[in-house]
Every structure is written in structure tokens, then in C-alpha cells.
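A, B, C, D, E and F label the chains in the order they appear, each numbered from 1.
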Amino acid sequence: MSERWAYLNGEFVPESAAGISIADRGLIMGATVTEMTRTFAQQPFRLKAHLARLYRSLRFLQVDPGLTPAELQARTLELLHRNVASGEAGMEYGVIHFVTPGPLAYYADLDPATVRPTVCIHMFPLRWHPYERFFREGVHLVTPSTRHVPPQCLDPKMKYRSRMHFFLADREARLADPHAIALLLDLDGNLTETSGANFLLVRDGAIETPPTRNTLAGVSRDTVFELAGELDIPVRERDLQPHDAVNADEAFLSTTPYCLAPVTRFNGVPIGDGRPGPVLARLLMAWSERVGLDIVAQITGGDVTAADWLGR
Amino acid sequence: MSERWAYLNGEFVPESAAGISIADRGLIMGATVTEMTRTFAQQPFRLKAHLARLYRSLRFLQVDPGLTPAELQARTLELLHRNVASGEAGMEYGVIHFVTPGPLAYYADLDPATVRPTVCIHMFPLRWHPYERFFREGVHLVTPSTRHVPPQCLDPKMKYRSRMHFFLADREARLADPHAIALLLDLDGNLTETSGANFLLVRDGAIETPPTRNTLAGVSRDTVFELAGELDIPVRERDLQPHDAVNADEAFLSTTPYCLAPVTRFNGVPIGDGRPGPVLARLLMAWSERVGLDIVAQITGGDVTAADWLGR
Amino acid sequence: MSERWAYLNGEFVPESAAGISIADRGLIMGATVTEMTRTFAQQPFRLKAHLARLYRSLRFLQVDPGLTPAELQARTLELLHRNVASGEAGMEYGVIHFVTPGPLAYYADLDPATVRPTVCIHMFPLRWHPYERFFREGVHLVTPSTRHVPPQCLDPKMKYRSRMHFFLADREARLADPHAIALLLDLDGNLTETSGANFLLVRDGAIETPPTRNTLAGVSRDTVFELAGELDIPVRERDLQPHDAVNADEAFLSTTPYCLAPVTRFNGVPIGDGRPGPVLARLLMAWSERVGLDIVAQITGGDVTAADWLGR
Amino acid sequence: MSERWAYLNGEFVPESAAGISIADRGLIMGATVTEMTRTFAQQPFRLKAHLARLYRSLRFLQVDPGLTPAELQARTLELLHRNVASGEAGMEYGVIHFVTPGPLAYYADLDPATVRPTVCIHMFPLRWHPYERFFREGVHLVTPSTRHVPPQCLDPKMKYRSRMHFFLADREARLADPHAIALLLDLDGNLTETSGANFLLVRDGAIETPPTRNTLAGVSRDTVFELAGELDIPVRERDLQPHDAVNADEAFLSTTPYCLAPVTRFNGVPIGDGRPGPVLARLLMAWSERVGLDIVAQITGGDVTAADWLGR
Amino acid sequence: MSERWAYLNGEFVPESAAGISIADRGLIMGATVTEMTRTFAQQPFRLKAHLARLYRSLRFLQVDPGLTPAELQARTLELLHRNVASGEAGMEYGVIHFVTPGPLAYYADLDPATVRPTVCIHMFPLRWHPYERFFREGVHLVTPSTRHVPPQCLDPKMKYRSRMHFFLADREARLADPHAIALLLDLDGNLTETSGANFLLVRDGAIETPPTRNTLAGVSRDTVFELAGELDIPVRERDLQPHDAVNADEAFLSTTPYCLAPVTRFNGVPIGDGRPGPVLARLLMAWSERVGLDIVAQITGGDVTAADWLGR
Amino acid sequence: MSERWAYLNGEFVPESAAGISIADRGLIMGATVTEMTRTFAQQPFRLKAHLARLYRSLRFLQVDPGLTPAELQARTLELLHRNVASGEAGMEYGVIHFVTPGPLAYYADLDPATVRPTVCIHMFPLRWHPYERFFREGVHLVTPSTRHVPPQCLDPKMKYRSRMHFFLADREARLADPHAIALLLDLDGNLTETSGANFLLVRDGAIETPPTRNTLAGVSRDTVFELAGELDIPVRERDLQPHDAVNADEAFLSTTPYCLAPVTRFNGVPIGDGRPGPVLARLLMAWSERVGLDIVAQITGGDVTAADWLGR
């Protein structure tokens, strides 16, 4: 198989040539906004929604990528086409977009007037092994002492990359359990999000999830809202605390690479009876139907089925 | 002149070959700790103090760079030697160290067990033109609405690179004045720091500066404390607010590349009589003496002299 | 034209005789609650709603003005009648009510038992020139570093006059743009209000505006809610952040003197395409219809028409 | 006796003619900075310090009064001279300075370019009866639920008049005891100040008082610091909580009109043995000596003597 | 009459023998969760809902009481049966459940492995005299300076017993009025709850009450929601401030022992016209109907009737 | 050996008879203040300081125990004498004082006028096995997500028993390490204390510890201050964050039962080289000298010696 291509600043280049300058403000300041889109059957899922959010982030950051959303979409599809064509058959991909303000003129010894934003699209194959465990045993969430950065510093509605606090939070969570994921609290002690996913719970037949004041308005979370609408499952955005999580009937994560995964433990306490529940099952089945493949089977190789959780 | 060298993960490489992987967590999460050391007459200034702080940051981040401080210092000196030897005569340098946890295994399609931290040393020539203005007109500081990230999210005692909030803050400041620099407030409205410097003021003959709960314990700030001690100028760490800045007798910034620069306006209001003051002058003269060259002359080409501010 | 009358503490007096004592607690402590009502075709608009809010403020302040709402309304109408009769034909007016606890006995060398609240009604002609620009270019809002006073200190549901923070905030905003108006954030970084208006935005066809925990429950804002109801435009009260404003489809201010004005820039970034939008147009047209005159034409002299914004 | 004079915007006028315009931003926005200086034997006490603080407030507010401090001092002395000459023999005075940005052009129907700040000096006789009780029974302080406005909204280092929260706080305190005075807590629950005085306590022989982050840097408080220095009583600025007040050995208020008064109860609990203490006595005796008259005797008519508290 | 029984750690014992060990963590750490259920006509009201909440609290606390909810219910009914049988005829009871983690091994000189939770059920006769006043004069609520413990420390959704802050708050309230009850504010100044009841108000025909982020999800509050649904009275959970309480049309408390009681004063200010209102009357009448006895008559001996408040 | 005595409400009773009423507000509200004093060679250590703090707590709580400090001290000594006389030879004791407001009249069916505070003194033998590990391996501190209750709710200067948050915090810490102890952060992310000890660290030869705004003013902590004074080790109270702990040269806990214990890990990171350090050794040696026995030897049985840590 040949090397994958990436798109960097107007050109398609082999991925190994897509190194980022040590003077780039993405690296120096974490001043990067990003998106991850995944494929189902090699087709990008909700690419338009991801790009729309990227441009909202860019507008807030006041960085002009020099491409319209339509142009960036076209480049994305071309890159995808190239890499799918030359890649392993049947492989699914994560497609990353990121934009930075470009190099810091001073570090790079450049005339500031010549600085252009860094615009990159790259892809990586979605491997399922890190997620299998989520579907067999469920996710264990742990609330670390490190708090999420508040909106008046960095608004979580932007998908930004200044997220060392997520790195620190996951270190704390893994101290409690090497497989645990951190669910960060905000400064008031409300539940927010993990480093890569939104958190949702089920109580009395309704889905509840933190508002976007404190969390990313995830595209997968939006998909849950849509599917829930179709399934007549009410959805409420509200401030939630650990007490809500521990006493939920079900809980799950939503995110691009694995769509949805059951949360079965919270700070060491089982949620519900400690197994995935029927609302999650219905959502995953509806999502699978929408994308024309069994999401859980794809990840687990077929021996776990969301339908098994229905009967509970 | 030949290309500069950089040090990256155990090897000396031409700087243009030192690109950072698009899968590196420094880029993806801003999970980078860093230092900048400068040279005076091509000799590094307080390199040991910078490396000690880097290792404190690394210990907090729980990342092991795989090198002892002494080893990293040796690599640094070798790199400096190479670049000075082949560089422009008389050039001063900024020497950057940065360490990240290395690539994200998932994005890079790697076995997590093989992931190693990214350790980089690189250098750039210190150009004076961006700083000349500071010494001729003084710095204008503006407090933006964006607040500094609080210590319970990211401790400012680490010199970290998840600093998109600094980027946003400077955008706000430049809306008020294209030459202004943002001085961020903390969540309680106390003065903290700029994106690249500590803030200090002079009141009734004493230097006052925010505590390290909310600001970096700058090496240049430490140098000010030492020089002030020698000059019998009292120094106090305390919470300061904009009212203190506006009513200070003098104010200045401390930072690695230009050491100290006068702050002459704050949110549009002149500080004191709007010109640099004698305490700053005495500090700059003492610092110049310590390093054996006239810092202000080096930056301004010689037609500005700190001694001129003494008589005020 | 003869001098206008004012009402002060039970009497109608020429406005020039309505000076407030230097010992009044309105002046000494900012302990004043107030309202502004405007006329359309010389008839007061929603006077009852303004007086009801004034009496809610007074109840909270525990000051008894010595008049029932009906009595105060009668005095108001009489004052209006007098001034319209003797004023310039066709002039519209702002009608101000304010009440203070009266003089500080100690400063005024009075027996505390004799102190009575200060109750004043006065009027001023509504001049349109300061607002024309709002309808031609749109308002530029800037978020200052000064935060709005939190409800546990002074509840914004009261229309109070201890608002030096608004003065400071506008100073900051004007540093960024001499025509900018400050939109203050609360202590959590949520959008609140300007010194004289509520802020509303349009997203996906619905109007969103901050809740009254952090903002005045403006009478003009209530009018927007009513008109939106008639026009089938959904309205939501929710916490909003700068990211919402920058990415809104439209934004506008609501306030007594000019009813509604388009916000076209936010911290230097254009909102939508930088021009007034159709939801605002529909609201202004409905409001104009309700009051029987073209609000925009009245302010701009007729060469700007809200209907022009509809086609966008 | 003839009417007192006041100084208003460049002229000496009879006090009754010194009414403030209903359009003045001092009245409309509470945008006023102020000072009160008192006389001892008809001589102003620390007038220079008061004026220096006034000019610090004005610099922060960015209002230029159009007079130098020396000019304002000269006007003050002249006013004092006039009023003392024509006033009751032996009377002491409170001298008030206040400055506002002047009228709101819009309300006053003025060209904004013609607006000038309002600068006023006025005086009132110091009557002792409201304070006698403080020296006979001591002050009862009560902490209300209303919190002090935080520095990021209005910095207490300015002596500003947007202080309706003080009015509300005193209402709450008087619900607990008609003679009680409110001591406001800040948002973190630290003790701050009353509406008119600084709070200080004595513990183990040292004076402790809140820092100026949360309280006015009172001129009387500065006098206490000086006197304490002469008397070898240590002084510490630190965050204090109600638990500190309740368990203090002594507590007292410092303020311009009555200098110092004992606090003998706090939220209904006696402080110490519920009587004034020896540190306060020593301070009052030293202060009396400095100004050449017995402060306590002046207020109480002579039958209370600070020296009586010494023996405790 | 014979002594009442209690249930303690698996056994029915005479109440006087149900002392709690001085080493119990309920006593040492306030680490107790609890419920109070009352009887109507000697039948427990909503016992299941109370036990469900108790088990949610226990799950959060991670204490296993060693009994299923059904088992605990059976023990409760048996205890009730025993005590009703031997008690005064017609007496109503408060039934208390509380669970602690059991003794602290170290204080009790025990092997930690042998420690078992303390599980207790006990009862006391409901006496009406302390509540009569509530129905004759209404409750006076006062907001103390002491704030409610925030959810990130102790989640109010748990009915926990670490509530010394309630004790302190009531002390403050009684300083203002010996009959007053404290209504605590949260750290942001929102209304929360009293030490024993939820707070609800009526505005424009709808019931409003604080959300469960800051208050207990009271079982009586839930009953109000149900009854309001049946009576077509809208109910809204939202953040409320003192200004809302003072300007409410009605206000009341909901709690287990007396169900609902009118709040007629708030910080000394009458609510509405200072008398109980029709919404409360309708709720009490509906509740009475549901339980088959006149709640108000039971408490007041029959001379106060909720129906009298209807006509207002 | 005979049963130990306890003192309860005026009488000496066998400990097993000292049960606390299920209606006691200590149990119902956590409304308890307490002290623990330990013996060295069966003599109480700093009993006076403990009782003084108890009476400060009581004054804040406004509960009068009905005994003077001297009387309570006499009862304590008598109890100690009784129990030492009849106890195991050589046994050391923890002596507990606690006071509550007494039973809740309503629960206990009592006339409120007859309610008296509950005053209890009891003792337990100090067993060393739980602490041996601290001296062999050092303490591992973990920062939980649960925050310490802020002073405006419950002031940590009181040694109060409403501390369920400590229980929850320790649960979280033990999830990370079954031997870990929780070190709680305050709402701003500063280090505070463990459920039973103060935290101190050593940096550059000086001891640093959080201020008493956020922590108990521990009697053992005071002893450290005294010993440090004698040993010429500087002590500073300041806000500390996890970054300080991780990068300290040494860290330790101070508390009554084991005096001082080394902290060798913090959130999984070794402090210093992961072993106890020389400053702690010197303090323990000085303390041992003061009390006339080797504290470390007493706890460990003699095979660990603080002096061994000196040479590091």
C-alpha cells in the first residue's frame, strides 16, 4: 500500500512530508481549531456540519483560512478519494481538519506581512481495538480534580486544541483505573465532557446532557438528538452533577470515531445494573440503520450486538 | 550562511527537517511544556534556571523526557556552539526547549507502547526591530475581556503551550491599539501577565508584581528580584488590580528576549508622566552591567539610553 | 418656546428649578431607582409597565414613594400634557421617573424623622441624531474587561443608578472604537446587557437573549417577546457567550428611546454579513404598525427602511 | 448665622444654590468619585492625602476635573475659611469633594462637546449625637446577605458613589438591630468594610484589617497604621472572616468623622468582654494628642474617656 | 402509654436504647443520609419515594445498608404498626430513616473489617403547635450571610446531615426576628432552601421554584408538582433571587411535616398583601383531599381554613 | 481491664452508656464542634490550646457549654486520671471533646426551653498500626474532585463535624490507591487539608503551608511553627497548588495522633526522591525531645528512626 496523502496549505503532499513547522502557532500557542469527521463505508458522515462548526470556530478566532467552506469540502473529498483508492480495502477513516494562524513571525524570522494560516487535512485509518473494550465492558468515567477551562477563557463551543488540561485530567483518571476516562467538572462542579466525547445519561426514559455553555456542541451529540427525535425519546439540556450520573438509568458517550459507547461505571460505582441499556441500544440500532452498517459489529467484530441490550 | 541546526529526539538535524508530526500531542492537545533562554554575547543566560523550571513542568505533567537536566544542558550547549559557529557574527539567539508526550498513538496508527516524548531544542536569531518601539514609546497594555486560565485548570507555574486564550486576548487588545499587548486578568479581576512577559510596577519606591498563583515565576522576574535586592529596592508579591496599574509611578514588563521594557500606557491612560522611570533605568543598567553589554543600546542601536530616564 | 416643567416631590416646577440636593442619597450613594418611558406621537408607550417595574424596584429597596402607581401615573400624564402643549410641535419625549430615599440626614443637618424620599418626573426631547448611525451602519459592540455587577450585590431586575461600572465599561469599548458600545459580561463570562439596552440575537430563525438573572427585564424586550409571538418567531432565554454573538445570524439591541437597533459588529467581527437582517426588519415593521408611525423613518428622516433588510 | 457657601464648577455659591442637574451623570449613573475630610479645631486633617486619593480615582475614571490638586486644595481652603468665618464658633466640619463626568448630553439636550465635569466642594457641620452611642455602647456590626461589589466591577480603592448595595446592606443589618451597621462580606466570604468605615481588629496584641483588594485604603486607616507604628503595635493586612471578628480581642471602625469607634458586638455576639479595649484606647489617645483635642470627649461631651478602657 | 420502638441495625429496640455510639461516623463526620416520612391517618405518605431517594443518596455515598429497599420498607411498616398500636390514638408520626457508614474503627478500637453501616428507623409524634403560627401569621424568611454549601462539596440532591451551615443560618435569621427561618442563598446569590423545606413562589399564576442543582428534590415539592398538574397551574424550575421573592404574588414552603405553609414576609417586606394566597389554598385543598383529611385544620385545630384564602 | 469512663453532660459514665440521642443535633445536623488531644506518657499535650480553640468554635456557633474552660479542663484531667489508672500500662490516649446544641426539641418531643447542649469527653487508646505504614512508606496524597466546603458556608477555623465531604473525598482518593488519603482543594484550586491533618511542604529550606482561610489552624501545625522557630527554619503561610506539592523538596502532614508523617507521593508522583526528608526529621526529633519520647519509635516499634532521614 502506498503512503497516504495529506493536504497542507494548498497542496496535496505525502503525509510524511506534512510536518508542522516548529514555529507554527498551532504548536507554540495551541492556537488551533480542528474537526474530526469519520467515514461510514468510506463516505464521510456529516462533513458539512463539521465544516460549518470549523468556520464558526475560525470566525471566533478571527483567522481566515483563505478557502470557502465549499472549497475546503472539495479538497477534503479529493483527499479522501485519493487515500481510499490507494488504501486498504474496506478501511474506515478519521478525517482531520485543522487550522492555525500560521507561524509566529518572530520565531520563524519572517516578515509578519507574509504569514499565512496553516490549513491541513489529513486522515488516519480507524482501528477498532481501542474501542472494543467499551462495548464489551463499558466505559469507566472518573471525575478528576482538574477542572475544565471555563468559557470566559476558552469557549468549548470551539473545537480547540489548547487542551493540556484534558491530558492532565486523563492522567488523574488513569491513576484510579488504567482504563478509565476523565469526565471533567466545570468550576461550579457540573459535569462537562471527556477529552474526546460528549456525556449523556438516561433518566426516566429521557436523555439528559450538559448544555453547550460548558461542552462542545458535538456533531455526534446532534445526531443523537435527531435519532432520539425519530424514536420519540425526549432530550433535555441541563446542568448535571456527579449525583445524576451515579443515579442514572443509563449513561453513554457520543463522539465521532465510535459514535456511542456505554458508560457502565462512574467513580467506581456501577450505573444502573452496570450493563449497557435499552435507550443506548435503540440509538445505536437507528444510527446503524442510517449509515447502512452495524456500528457495534464493525467495532467488535460481530460478537456484540446492541440488540442484546434491549431486553434489559 | 548555512542552515541552522535543531535538536530533535536525540539527533541534531537541519532546522528545516525538524517538522513536528501532525499526530504529535503537542500539536493535537497543546500538551507541551517549553522554555526560552536567550544569549548575551552568544552565551546562554540562566540556562540552568530555565532547565530546572522545565523539569518542574515535566514532573507535574508526568512526562519523562529520557534525558537528565545535565544531558539536556549538554545538548543545548552543543547546539548553540554549532549554530553560533556557522551563524552571523555577533548575532544573539533565542534558544527554545519544548517537550511533548509524543504522538497520539491512535492518530499515528502506532502501538502505544512505542510512543516516546518529543524533545526538541531549536534556536532563532533575536531581531530587535519588534522591540525598538517598546524602548522609544513604551508599551501600551490593554486588559481584554478574555480571562487567564485559572490554576485549577492549567497552573501558570508551568510554561505550557495551551495558550489560545493569549492569542484571543491579544486580538482584543489590538482592537484598541494595533501596538497594544494584552495584560490578562484572572477570574477575580487581578492582573496576571501578558502572553510573553511578567508585569511589575513601582509604587512609592518599591516594586510590586502579581504572585505566582496567577502568573509564571519568570526567570527574568527572578533576575529583577535579584537586581532589586542588590540595588536596595524592596520587592513585594501581591494581588494587583487595574487601579494599581493606572496609578503606579512606573510599570514594566520582564521577559527573556528584551529583558525589561517600560509600560507607559494602560487602557489608554498614561502611567506616571507617560515616560519610562528611574527604577526601571537602574534595573536595566544593573542588568546590562551583569551581562557586559548595554541591553537598551543593543536593541535600539544606541540612541536610547536607560540612564536618560534616571533624571526624572 | 417656554421652559419645560418637571415634577419634584409633589410639585410641578420649571425644570431649571429641579436641582437635586447635594445631600440626596441618589447623588451620594447612587441609591436611585428609575424608569424611562418614551412617547410615540406624544403618547406614552407602556407607561403602566414601566411604573409597575418601578414599584417592584421600590419594594425591593424598601422605599415608599408616598404615591400609589395610579397617582404617579396621573402626575406623569399631567406633566406630559403640560410639556407637549408648550413644546415644539411633533416632538417626541423621553419621560424619566426616579426615586431616591431622599437626603442623608447627617450631610443635610436634618432630623432623620423628617426625611422623605425624592420623587421626580422629568422629560427631555428625543433627538434622533445620536441613533441615526445605528440604523445606517449598525452598532458595534465590544466586550470590556470590566464585568457587570452580580445579582447578589445589585439585582439587575431593578433599574438602578449605581452604574459607574457601565461608565467604565463604555470607556473601554470606546478605546477599541469611538462609536462602540460596551456589552458587559457577567462574572462567568456570559453576555448581559449594555448600559442602556438589552441584547438579543437570532439563530436558526429563533430569537435568543440572556435571562433576567443577569439583565434587566426590559419593557422593550418584553415588547419584542410579544411581537415575536405575533410573528411566530420563537424566543428563548438562555446564557449566551461571545461565541454565540459572533456566530449569530443577526443581533440587535432593544431599548426605550430607539426601540430596536441592528448590531452589525462584535469585537470587530461582522455579524452575519455585517448588515441588518430580516428578523429585525419584521420586528421593527410590526412595532411601527403597533405605534402607528415608521420608527426607522422617524429616526433616519426616511431614507432608511427596515423593509430593505427583509430581502436579505 | 448666614448660609454656608459651596464651590461648584468654578464658583462659590450659596449652598442652597448648589443643586445638581437632574441630567448629571453623578445622579444618573452614580458616576461620582468623592472624598470627605474633617476639621480638627477648624483645620482640615490630611487634606492632601484625601485629594491625592481623589486624583487617583479620577485617573482611573479618566475624568479630568480641570483643576490641579493644588488648585483644588486652594479652593477648599478658601471655602473653609469663608464658612468657618461665618459659622458657629467652635464648630467642626466635614468637607466633601465630589467630581462627576458632568451632565449626560442626551438627557440635557446638549452638544456633547460642551460637557464639562461637575466639580463640587461643600461642607456640613459635624454633629456628634449620632456617634455618641458608639462610644457609650459600642457599635454592633451585622453581616448582611448582600455582598460587596467585587473589584472587577468597581474597585473599592476608588471612593465611588455607586453604592446602592451599601444602602441595601444597611437595611438588612437594621432588621437585626435598629442600631446595627452592616459589615459587608466579599464574594468569597471575607470581611470588607461598612458603608462608611474600615474594619480593624486586635488579636494577640496586633492589629489586623482586610487588604485593599476588597476595601478602601482609608485615610483614617492609614492614620491608624502610622499611630500603631509610633506605639509599636504591629499591623497586618490579611483576609479575615466572621470567625476572626467574633473571636477578636478587640475590634473597631476607622473613618473620617469620628476617627475610631469600638465594635462591641458582631452578629449578636459580644467581642471580647463586650467593652472597648486598650489598643483602641491607646490609638485614640495618640490621635487626640496629634490633633490637640480629646476626640472622645469632643463627641461624648466629656463623660467618656478612652483612658478608662486602658485598664481592662 | 408504653415507650416507642425504634429499629437499629437489624433489631427493634426501645427508643431509649437506640443511642448512637460516640464513635459513629454519623456523629463524628456528619456522614449520614436521611429521610423523613410522615403519616396521614397513621398511614405513611409516599414512603416509597422517600426510600428511593434514600437509596440514591446511599449509592452516591457508596454505603450499602445491607437491606433492599423492599426490606427496609417492610421494617418501616412493622415499626409503624408497633408504635401506632401502642401510641396515643389519632396521633400522626414523623418517621425518620438514617444510615451512616457505621463507627470509625480507630475511635472505636475495632478491626475495620468488622465495621457495618448504622441503619436506623425511628418515629416521633407530630406536634402541631410549632406550625400553627405559620398558618395564622405566615412564615417570615430571612436571607442570612451564610451561604448554602455548593454541590461540588455536598450535593443537595442527597438528604445529608452535614448541615451545621443551616444551624448557623437560622441563628442569623433569628437575630432579625425570633420567629424567622433562614432561606439560604447559594454562592451566586440564588435562592435555595431552608434547613427543612423547599421554597416556591407564585408569579402571574405560575409556580416557580429553584432547580435541584441547588436544592433538595423534595418529595413534598414533587407532590406540589403533581397537584399543580392536576389543577392546571404551570410549574417552572428556575434560578430565583431575593428580588423575585419580594415581588412574588405568593410564596410558600413545602416540607414533610406540615406539607405547605404560606410565606408572608421576606427580609421584613410583606409578600403580596402579606397574607396567604389562592394558589396555595388550592394546593392545600387538593392535598387534603388526596390524603382524606384537612391538613390546615389538623394543624390549627380547625379555626383556619385554606378556603378562606381563595377569595383574595 | 475495666471499661473506660466517659464524661457526658455533667456526669462520668461508663463509655458504653454514653450513647448519643437519635434526636441530638450533633447527629441530625452535624452541628458539633470538637477537639482531639493526645497524651505523651499519659500526659495530655497542649490541652489548653485545644480547649481555647474549642471555645472559639463555640463562640462562633453561639452555643454555651455551661462550663468554663477551666472547669472543662478539670473534668478532662479527672477523666484521664480515671482511665489511665484502670487502663493498660503505657497506653497513650486520644482525648475527644465534643459539644452540640443538644437535642432537637421537635424530634425529641421536648419543650425547647429545657434543651441543653450536649457536652462530652471521651478517650480511646492510640493504636499505632494504622500509622506505621506512614513512617515506612510515606503517605500518598490524592486530590479528589470533591472540593473543600468554603469558609462562607463553614469556616475551617472551627473544628466542626459536618464533614461528609471529607468522607466522599477519601472514597475518591482510595479509588486511586487503597492507602491514599485525600488532600482537598478549595474552590479556587488551592491545597487545603486532609480530613484529619494539615499539609506542609518544604521548599528551598523553608516550610510552606496553606493559610487558615482554608484550613484548620491545627494545634500540631502550631507546634511545627514553634519547633521550626527554634530550629531556625523559616515558615510561610501561602496559597499552594498541586504544582507546588509535586515539586516540593519534602512534604508532610501534621495532626494530633501521629504528630507528623512524611508525604512521599502526590497524585502518583514521588515528592523529591520519594523518601522522607531532613527537615521533617529535624522537626520530629525536636518534638520527640520536647515530649521526652521518640515519636517515630513509639509508632513503628523502634526500627524506623527519623535520624536516618537526616543524611539525605
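Simple rule for what comes next: contacts are C-beta pairs under 8 Å (C-beta built on N, C-alpha and C of every residue); 3 or more make two chains touch, one makes a residue touch a chain.
Small disclaimer: the values here were computed from a predicted structure and weren't measured.
Trainee: Listed by label, which chains are in contact with subunit A and with subunit C?
Mentor: B, E
Trainee: Count the smallest number of chain-to-chain hops linking subunit C with subunit F, moving only between touching chains.
Mentor: 2
Trainee: Taking all residue numbers at the subunit A/subunit F interface, are over half used by both copies (same) or under half (different)?
Mentor: Subunit A vs subunit F: same; shared/all numbers exceeds half.
Trainee: Cα centroid separation between subunit B and subunit E, in whole Å?
Mentor: Inter-chain centre distance comes to 57 Å.
Trainee: Determine the centre-to-centre distance between subunit C and subunit E, using the mean Cα coordinates as centres, and give it in whole Å.
Mentor: 43
Trainee: Using the average of all C-alpha atoms in each chain as its centre, how far is it in Å between subunit C and subunit D?
Mentor: Centre-to-centre distance between subunit C and subunit D: 33 Å.
Trainee: Do you know which subunit A residues sit against two or more other chains?
Mentor: 62, 145, 147, 150, 152-153, 171, 185, 187, 189, 242, 268
Trainee: Can you work out from the touch definition every pair of chains that touches here?
Mentor: Result for touching pairs of chains: A-B, A-C, A-E, A-F, B-C, B-D, B-F, C-D, C-E, D-E, D-F, E-F.
Trainee: Could you list, by residue number, the parts of subunit E that touch subunit F in their complex?
Mentor: Listed in rising order, the residues are 6, 15, 18-32, 34, 61-62, 94, 96, 98, 101, 106-109, 120, 122, 124-125, 127, 130, 145-150, 152-154, 160-168, 171, 187, 195.
Trainee: Which residues, counting only subunit B, touch subunit F once they are in their complex?
Mentor: Subunit B residues touching subunit F: 56, 59-60, 62, 150-153, 155, 157-158, 211, 213.
Trainee: Which residues of subunit E touch subunit C once you look at their complex with the stated criterion?
Mentor: Within the complex, subunit E touches subunit C at residues 185, 188-190, 238-239, 241-244, 246-247, 268-269.
Trainee: Sort out for me which residues of subunit A touch subunit F in the complex.
Mentor: Against subunit F, subunit A makes touches at 142-145, 147, 171-172, 175-177, 185, 187, 189, 242, 267-268.
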